[in-house]
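The structures come next, written out as structure tokens.
You will see chain A twice below: alongside chain B first, and alongside chain C after that.
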Partner chain A sequence: MADPFHIVVCGSLVPDPLQTLEPVAGAQGPGLKNETMLPAVLDPWAGHALFEAANLAKQVAGSQVWLVTLGPKAKLQQLMMTIAQKVPFQLVVLDGTASGFADAHEVATALATAIQGIPGLDRNRLLLFGGCASASRDSGVTLQLVGEQLGIRDQFLGVDELGIEPDGALHILERVEGGQYQVSRCVAPPAVLAWATGSLPEPHNNPQVGMMNMRTIMPQLQKAKPVTVGCAGIQYDTVKLPSQRRDTRVVRDVPAADIAREIVDWLKA
Partner chain B sequence: MTIMTKPETQASLQTLPGDDVRQIMWRYADRFDIQMVVQSSRSVARGIVAQLVAEGARNTHDWTEAKNRMFPAFDQSGITAAGLDPEYGGFLTGPRNLALSLVAFELAWVDAGAATTSLVNNLALGPIVERGTTEQKARYMSACIPPQPGETRQPWRGAFALTEPIPYVGVDTGVLGGKVRVAKWTEGAEPMLQVEKRGRFITNMAVANFVTAAVESDDPRLKGTCMVILEESDPGIFDRGAPTHKLVHQLSSTHDPIFNLTVPASRIIGGYTVQNGVIVPNYSHGDIIEAVFARTRVTVGLMTSAKLLSAVEPVVRYQRGRFRGGAGLAPGSPRYDLGLQQKEDALHRLVDIWASGEAGSSLGFETARLFDAWEPYVRRKEALFAEQGITGARAQMRALRQPRAEALEYLALLGQPPAQRNEVRFAELDANPLVHYVVQESLANVLCPACKLWNTGHGTNMLREAVSLMGGYGITEDCPGFLGQKWMDAQLEATYEGPESVQRRQLSVTMTDDLFLAQYRQWITDMRHIGALRPATGACALATAMELWLWTFMHLRDAKDADGKALYQSQRHGVTFPLADALCWLLATRCQILDVLELAAKGPASPNLAGGGLEGFVNFFTDLCHVHTARAAGEVGRICAELVYGYDRHPAWECDLRGNCTTAILADALDQAMPGYSMIAEALSREFTDQPLPPDKAGPCVCMRATEAFSRRRTKLDGCLTGARLAKDRAAQALTQVMIPEALDYPA
Partner chain C sequence: MSGLLLILHPLPDGSLSKSARETVTVAQTTAQALGMPWCIGLSGSATQKAADALAGTGAASILAVAGADFDVPRYASDAAAAEALARQSGAEIVLAPASARFSRCLAGVAQRLGGRIDTHITGLEVNGGTLRARRWYYRQRMEAVFSRAHRPWFLLIDGGIATPWQGPAGQAAVTAVAVTLADDSRRTTVVGLQAPASDAQTIRPDANVLFVAGAGWTKKQADGQPHVGEAATLIRGFLGKAQASLGSSKSLVDLKTEGQQTLDFMSHLNQVGQTGSTPRHPKGLSTCCHGEEPHVVGWRFIGERRAINLDPNCGWAQGKADVVYVADAFEVMRNVNAMLGAS
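Showing the complex of A and B:
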């Protein structure tokens, strides 16, 4: 059986994707219209990473999971009312912006510093998890940058599956072009695993898990330190939605084949 | 004196209210356990429940495999355990009324039948929780707890069987047909009972493993009525019966079961004693069901309110997009952007729907919180009475006479400024748990039936309005938000757990309680104060309407009809029931205003709200209060006027005309309120004297001397409506600008 892992998941919140997202220029740089009031969800890629982390921790006894998150703490507190009930974890909070306009290098530095400060974290057993991308910032570089700042050289940036071999080595399937997987073997932690979708369903909410988590999460939220990351020194000339207009249609009873055909037609167009 | 007017341009609603807003308004911002239950109920509602409705699972009366999938979802998400005590595996410590109300609210947001299914275990367990013996609580609550990791056990489900086939229990719960007899009683052993019960419309019967049933003794060796617990494996007949062909709540199972079972006497809920060779149950079925319904009815009321609020988003989306896609209609044009929202009527009606949903929710959650606050005092009272050996309803009533008198004194002191009252006496009364018990009991006895009656009854009417705003789409299965189903379902919410007549009957008694009326009087003063600070809420108009109601009630209590018969008496539903209806409007609106004040007070401490939006929410909700106050005032004025005048016989020309006509003095008095009134009166009276028979339209007029005080109040109330329509216009305007999500967050 493998030695316990120390799994650190980086992830924050994004506006609920069903909301109308309208870029606006604010005093602190660009943002979204009514951003503070829009309901937020855990960034879906970070969510996959967190659920995979919890699953791994369940399989390898003694493992621990931390969620390191940079976001406005009041909104994070709301988010925890859902996320904290899904799987057990400890929270590390950096109180700052989770805006998609913040600079990825600054975000990575803040996250790396916070990870270095986690008491009792065994850097030799560290698996750094997160999303391979983000629903608010799709540059897909943050995790790589955090890994580099922590000196982790083994990086896997489109993970869909992680298995632990009997000798404790990591067996990793990464997405590559054309629906193919690249299979890697990593002898031991530390490693960075940026998750694509994984294969786990979203765990059920379970308030009992939540209330256990909240015992440590609330104090963390209360003592969260403000962190400034963002747009300082960056000038945005214009900010607008991607040119492809999002036309949400709600349709019923359409066979999957028809939906697939429509997507293919759209891609080809 | 200067009259301040508020500028007509003010911050308004930017987004639909989210959790940050609701947690403050409904007072669970500091309860993480409740917030989590809300989130997990929401994910079940908008996940599996919505899928079931969208897939057409409601289109059969049978309890299908698909419908049955809701149970594991309730178990996994903590919904089942939310109703259970921590010592038996639950996780919510302390009273749970607010938490369970929010669960019902979240589920009913999508489907109230699913909400019913989730809560029926609490109803079935209710008699055991409220009055059961320790052994009964342990056995049935532990059996209902969902399996823990590693366990393979199936959790038990329950049903509550009170209603019986005609001619027995329905609205009148005393007419029991279900019988219990002593089947076998050997010396020194537990007596065995034979229970025969037929149920009608019993929820959860398709799956119930146990049933709590109301029965009456048919044996001299057993006294009175009681509730017994029946298990599916008991010897005899446990026939689940045929599914009811109901048109509503198809995500709950309803059957007409038949039971004929032998059970040990230990199944009598709350236990029994043997006195002179007779089994005497410790609680009659009446004692038990009142205690159970008092709590569960609040959750039902909230189901209908949830549905009203759930209608706002789909209606706004439908209205805005109504004409999009039409030839030559360009994005950016008002017709494209606003669609039907260009029409004032469509907006005004939606404002009314929203305002009713707010008022109902505020009343419901206030009632749930009241039960939470009251529960510790109930336990204290029970413990004190047990210590003192005070048992039986009569003895308890006698024992509470003194605390009730003290409670009146306490309320009088409570209304005085601390500096002016006898603080020593106040502290003494405040420390007496029985004083708090009776004060809160008097409120619970009014708020609970008011919430069940008004939220469901008026709510059903308003759901019909919501359906109509969606046009033909509204009455199809495809209507987003399932509005047609929600409307129809609401009729059941108004019926089960005691239909409207039961609630009106209860209110017509409990609202006359001096303890309630003392608090009601204080509320009038409070509303005046709020009206002075925040006139835009309409609080002052509400205070005037409350005064009108109180005056009318006092008048009716002593008044007689034209034939000399007393007006306010229990059989005279024509008097008591409408007055109960009028009171509900006032109670709901008062709670609505208080919730908005709470948001205004606590909102600034919420970074998510203070960062933007709070002012808009407060202004918009304030306007909704004003709109609703006007509506409530109208209802109260109408009902009260009909009752005050309607039982005097209308004068006819045979009698002395002048005595019956409006007097000049009164005409002058009314002239001040309605300029021009005296001229009309004078013209009319001139006409009378000039002609042998007066013209059809001219009277005979009614002398209003006896009710002058009423007219004055009513006229004042009319004036109090000032500004209400401006508030409605502002709220309507806000609906055209509020940002809504791109799609509903549950399938349709």
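Showing the complex of A and C:
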């Protein structure tokens, strides 16, 4: 049996992917129109990382999971109403913007500082989890920057599978080019694992888990520290929606063979 | 701090990938527009051969961290090599292709050098001596053009935005950059690659066409029964005949994790869209997929788009595809496969 892990998951909220997004210029840089009103969800790849963390903690007795999140406190509170029912975790809240236009370097520094302040965190048993990219900034660099600031030199990006070998080593599958996996073995924590989809379905809501989590989540939300992150040093010239809207030709009441012929001709053109 | 550095990983035989040669073109044009000298940094055991291949690029110098330790795609050694190359060059702009390897390590290097990094760069332009980068935010929902004051500035260049550089090979002078790996840089060992069997290879980044299968393939058909087996045969038949790359909607790949009957060769690696990939192909054919926005954002770099769907009001018909065929995909693809087989 492996020694317990201390798993820190970094993840925040993003606009519900079904929402229409429109950029607006603000005094602090670009933002989204009606950003505070947009329904939000847990960043999908960070969500997978959280579920994988909880699954690992369940397998290795004594392991603990923290979710470190940076976002507007009020929206995080709403988000926790659903996420808290999924899996057990302890919450660390930084009250600030979750904008995709905030600089990943500023975000990483805020997250690293918060992680360093977690009481009782064993940095030698630390597995730093998160999504391989956010659905907002989509830079895919924040976790590596946090890892570097914490002095972690074993990092993996686009992880779909983590296994623990009998000697406690980490067996990791990372996505690489051409639909392949790179298989690596890391002797022990600490390590950074930026998750892709993983292999677990989204857990069903469990009200008992929710009640247990909320005992610690609500106090954490109340004492959340305000954090200022932005895009200092970045000059955004333009931020705009793609203008291309296609003039769709809808073909109906045509025999399948004729459609097939048209598709084959198009493929060969 | 001045100049531009392009960092590349040669392949084990000393050749350069297509995306690496594309980034050479980007580096050439960017350095010229900025009026600054540029150099190339290589790492691995085949650096001389790669340097010779790059002799005609016009780079002012070629630096190399040589050694088998740097063939391994591992964070610690890749970051150490890139850090040494960047320090030696003193470059203010550092470019690299957005390979899995550089995407893994280069952010850490930027952090060590007190620099900044931006990724998924789809264009670089110079106006009034200022370098401006172009990239997408919110998963291809909106595009921004921006510049940074901070240096060094690392930029990972997406594939498909430039013509791959080609030129005559020569005899390149290489400046060796020494890097000694600490023992703790070898805590990770790369066991190898896990590739699907050749007949199950469904992701082909260089394919002319992307074929997307949606969850409709696994649903009940007109006879009230699902026909997953036939769906698998039709899809694999098409992929083989057209040498297409296979993509999927999230709903289809999620069926597998939910334990439902689905296509056995389909995995999350095939997923296109908000939580999947954003591939680049000249053409895309969507089947049995509604064309919801979270999926379609993954089609941002697909040129011509067609879709087969039973619903004439599906998302594809709302300006997201060039042509929507309102038809039964089983029937159409049966015919398509027969015609491709006969040709």
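Just so we're on the same page, the second predicted complex is superposed on the first by the 239 of 269 C-alpha atoms of A that agree within 3 Å, B and C clash if a C-alpha of one lies under 4 Å from a C-alpha of the other, contacts with A are read in each partner's own complex, and residues count from 1 in each chain.
Keep in mind that, in the parts below, a residue touches a chain if its C-beta (ideal position, glycine included) is under 8 Å from a C-beta of that chain, and two chains touch if they have at least 3 such contacts.
Note that the structure is a prediction, hence the values are computed from the model and not measured.
Asker: Check the residue A:183 against both partner chains and state whether it touches chain B (first), chain C (second), both, or neither.
Answerer: The answer is second: A:183 touches chain C but not chain B.
Asker: A:27 contacts which: chain B (first), chain C (second), both, neither?
Answerer: neither
Asker: For A:18, using the defined touch cut-off, is the partner it touches chain B, chain C, both, or neither? Pick first, second, both or neither.
Answerer: both
Asker: Examine A:252 and indicate which partner it touches, taking first as chain B and second as chain C; both and neither are also allowed.
Answerer: Both: A:252 reaches chain B and chain C.
Asker: Please work out whether A:72 is in contact with chain B alone, chain C alone, both, or neither, and reply first, second, both or neither.
Answerer: first
Asker: Check whether chain B or chain C contacts more residues of chain A in the superposed model.
Answerer: Between chain B and chain C, C touches the greater number of residues in chain A.
Asker: Can you list the residues of chain A that meet both chain B and chain C?
Answerer: Looking at chain A, the two contact sets intersect at 18, 246, 248, 250, 252.
Asker: Show me the residue ranges of chain B that touch chain A in the complex, using the header's touch definition.
Answerer: Checking each residue of chain B against chain A gives 14-15, 18-20, 32-33, 35-40, 43, 54, 73, 76-78, 81-82, 91, 478, 480, 606-609, 611-613, 739-745, 747-748.
Asker: Provide the residue numbers of chain A that touch chain C in the complex, in ascending order.
Answerer: For this pair, the touching residues of chain A are 14-15, 17-18, 21, 23, 30, 32, 44-45, 100-101, 103-105, 108, 135-141, 144-145, 147-149, 153-158, 160, 173-188, 196-197, 199-201, 233-242, 245-254, 256-257, 259-261, 263-264, 266-268.
Asker: Residues of chain C touching chain A in their complex?
Answerer: 73-76, 79, 99-101, 103-105, 107-108, 110-112, 116-120, 132, 136-139, 141-150, 184-185, 187-196, 201-205, 208-209, 242, 253-254, 257-258, 268-271, 274-276, 283, 285, 292-294, 300, 304-306, 308, 312, 316-328, 331-336, 338-340, 343
Asker: Which residues of chain A touch chain B once you look at their complex with the stated criterion?
Answerer: 16, 18-20, 33-34, 36-39, 72-75, 78, 81-82, 84-85, 204-208, 210-211, 214, 218, 246, 248, 250, 252
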